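Let me give you the structure first, and then I'll get to my questions.
Order of writing sets the chain letters: A, B, C and D. Residues in each chain are counted from 1.
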């Protein structure tokens, strides 16, 4: 949308430039002050514009949790599903509507704890999904419990003495499961994040982008890390761009350096493409490619 | 007024015309995180003293002339409460 | 609307219930199946894996049943007719997203070929012990539609009916088979495509700017918007208003859940599919469904030879339950006898509706085998006295 | 033949269910009758006890689908024989694989018991898997339950196309063995 199309006003000023991509009738959103999720949503909206996509070209699916609420604020066909199941739900969407782009927006607990099995299998099968994970190292909506990403020694309500269990490193997980495109930024890296979203939107296959983002109210406070603003400053000082980072360098400890960048960018046929190619080859003329859903 | 963040004057600063931006703040949507104030590369903003309806201090434009419409405030705002427009577009918009 | 001929394998076949159900799904227009192997239901998925590539369908074997049900909900929103198939343990795993399907009002079909439980139970042996799980298995209040076939032919016919009902009323519909019917082989006649009625997806004709995703039509069912046509709708498992937006308060809960109940209850007369024999002058009525209805046949015959007036009521639709009919019949007879391969599930509904007006007798057992008809005969004889 | 209950019993891997399907299909698709097949097997794919019950009626659809007292028992394992023989109708027919099943002689005189070395015959065809078709041929040759032509059509619809001919030959061999056996019995003065 261009500014000129933006006819709505709020008070005496024009409505926000992304208002055609967002459900402004639902603002303010439920996320806390100094939470990073809104930034990621804004960057995706910007990426859509930059990629030349209309809101009618994409769907957004999310699961449960703070990030799970993203689906409710984007003005596209959007699905707020159950905890952990955003990916398999979106797998159904993607296979029934291969003509659209399908984005899964998920938190770390949703995506790789309860939904972990779906995550690795969707990556393995190279399903045609752009999966964006907002990683804030905790279960924020339920009050700050231990997440599969919580760094060792960080505190959570269910790890009151600090965590002693190994967290998942999400890019490593995605890479080892076979994802085609893997990147990580923090919520401070607004331009690179937007560019990465744009690039990933215009590709096929399983694309995974992790965004480290502040949870001000729960994670930062419980771990005495100041506010969300302090975490943003921390990202500014401690993130390092390294596209060829090793698996070890990608690990995140408690308040250690955060290596960001685009780590994998390869092309394999997506599940749907592989299916069409293989079945077409085996069955020849008997093969009828999958029907696309929607009114005939 | 020279921006203190430039350690030297760019060689081509006379030839390149910086865009001019105008910042808009949707005050009642703001939750006072301060991201825009902290990260604005031109130091255009400060947190205001006034409260909005929800009791937060929204940003206030104190150096409007410095804005180059870089979009950072819009992108980094988690609340969709601030953005800048190119001055030329605003003229078009005006009734 | 008639069936798409490319999915209809017209002819006379010798099929078991599982394969017949798969053909029913093809004929009904299902073009998406996500499933996970589990005995004794796997044959349905296997047949579709073979057939779908030749009729424009997509079969995907998911990583588990949680994923299977989620994927069919997604594909249904994508606009395809979808189904999944499982048995007890997998059915248990699907419960959460069956609730999502109900809340989002997503048409889809879940076939459960019942085996003995609890837990892993009897993988290859029959039971009818998931009937209450089908009714109540997901949390919260809702109404469901569940059908129970008693022959491979009905596995074919009722799969089509299940798909049609799911489209008509926009909810997950259960086809509650059992291992016996799933693995029973009989003649199955698949008619011509033009002889099969298909309920099309209820696409909205409303314009995007006036469309409300959860605004009900006269039959209390809302219309669906296709993806990517500018509707930009939102749907959620949270309690929502007509816009589909989460509104978390008691009034919206009442409106949202109340309608989910009403759309089944108030349309129940159009949903019931019952088989009735000799109910008018009956002293004893045998109520049955699935394989138990066939096992009871010699018992009913023998009781009639004894001069006992036995009527038969077969629940082809088990849920919604034909409450009013049972209440009415209860006033005129001595007893209901109900064989079930469980320790008493659907019979509880009979008892509730009877309200003490006549006797209710369960002939039940834990599963692994079908009833000896003699035990059903003895029960009829006892209650007839 | 108006109503005939058949039990086919053996162990997994012998093609018990396939034999039941061929029998049922012969009657309900390629003859004018009705046949319902039910099956019973354990969780293992091979080696467990396996039974197919086929209820056959020449005139009416089958309502009660199970067999309580089979008129014909086809036994391909000792275990299957031991389990089902006591239920065999008093005027029943027992068809058994004579190297795998050892019937208890004299126990029930009125039952007609006919053996066939079906496993060996199948091996001579170079494929032990056609044992079941030898048994179905034997059934056709020793009873009037099914005719050759519909049975062959049923077989053709049940096996991969390049195995049809082999399975037909196995069926023929079983049929011929059954016919010869009956002739021999007749010649020996038995009531057939």
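Here is the rule we use: a residue touches a chain if its C-beta (ideal position, glycine included) is under 8 Å from a C-beta of that chain, and two chains touch if they have at least 3 such contacts.
These figures come from a predicted structure and were not determined experimentally.
*Asks:* Taking touch as defined above, what minimum step count separates chain B and chain D?
*Replies:* The least step count works out to 3.
*Asks:* A-B versus A-C: which interface comes out with more C-beta contact pairs?
*Replies:* A-C
*Asks:* Between chain A and chain B, what's the gap in Å when you average each chain's C-alpha atoms?
*Replies:* 27
*Asks:* Once you find the CA centre of chain B and the CA centre of chain C, what distance in Å lies between them?
*Replies:* 60
*Asks:* From the C-alpha centre of chain A to that of chain C, how far is it in Å?
*Replies:* That gives a centre separation of 37 Å.
*Asks:* Got the chain A residues that touch at least 2 other chains?
*Replies:* none
*Asks:* Looking only at which chains touch which, which shape fits best: line, ring, star, complete or other?
*Replies:* Topology of the interface graph: linear, an open chain of contacts.
*Asks:* Can you give me every chain pair that touches, using the contact definition above?
*Replies:* Result for touching pairs of chains: A-B, A-C, C-D.
*Asks:* Which of the residues in chain D come into contact with chain C in the complex?
*Replies:* Per the touch definition, chain D meets chain C at residues 20-21, 24-25, 28-29, 34-39, 41-43, 62-66, 154.
*Asks:* Quick one: in the complex, what on chain A touches chain C?
*Replies:* Those in contact with chain C are residues 23, 26, 55-57, 59, 61, 71-72, 75-82, 84-85, 87-97, 99-100, 117-118, 121, 271, 275, 279, 283, 286-295.
*Asks:* Name, in rising order, each residue of chain C that touches chain A in their complex.
*Replies:* Result: residues 6, 31-32, 34, 53-58, 60, 62-64, 66-68, 70-80, 82, 96-97, 99-100, 104, 201, 203, 225-238, 245-246 of chain C touch chain A.
*Asks:* What part of chain A is in contact with chain B in the complex they form?
*Replies:* 3-4, 10-11, 13-14, 16-19, 22, 24, 27-29, 31-39, 42-43, 46, 188, 190-191, 194, 216, 227-229, 232-233, 236
*Asks:* In the complex of these two chains, what residues of chain B are touching chain A?
*Replies:* It comes out as residues 24, 26, 29, 31-35, 38-39, 54, 56, 71-72, 74-81, 83, 85-86, 89, 92-93.
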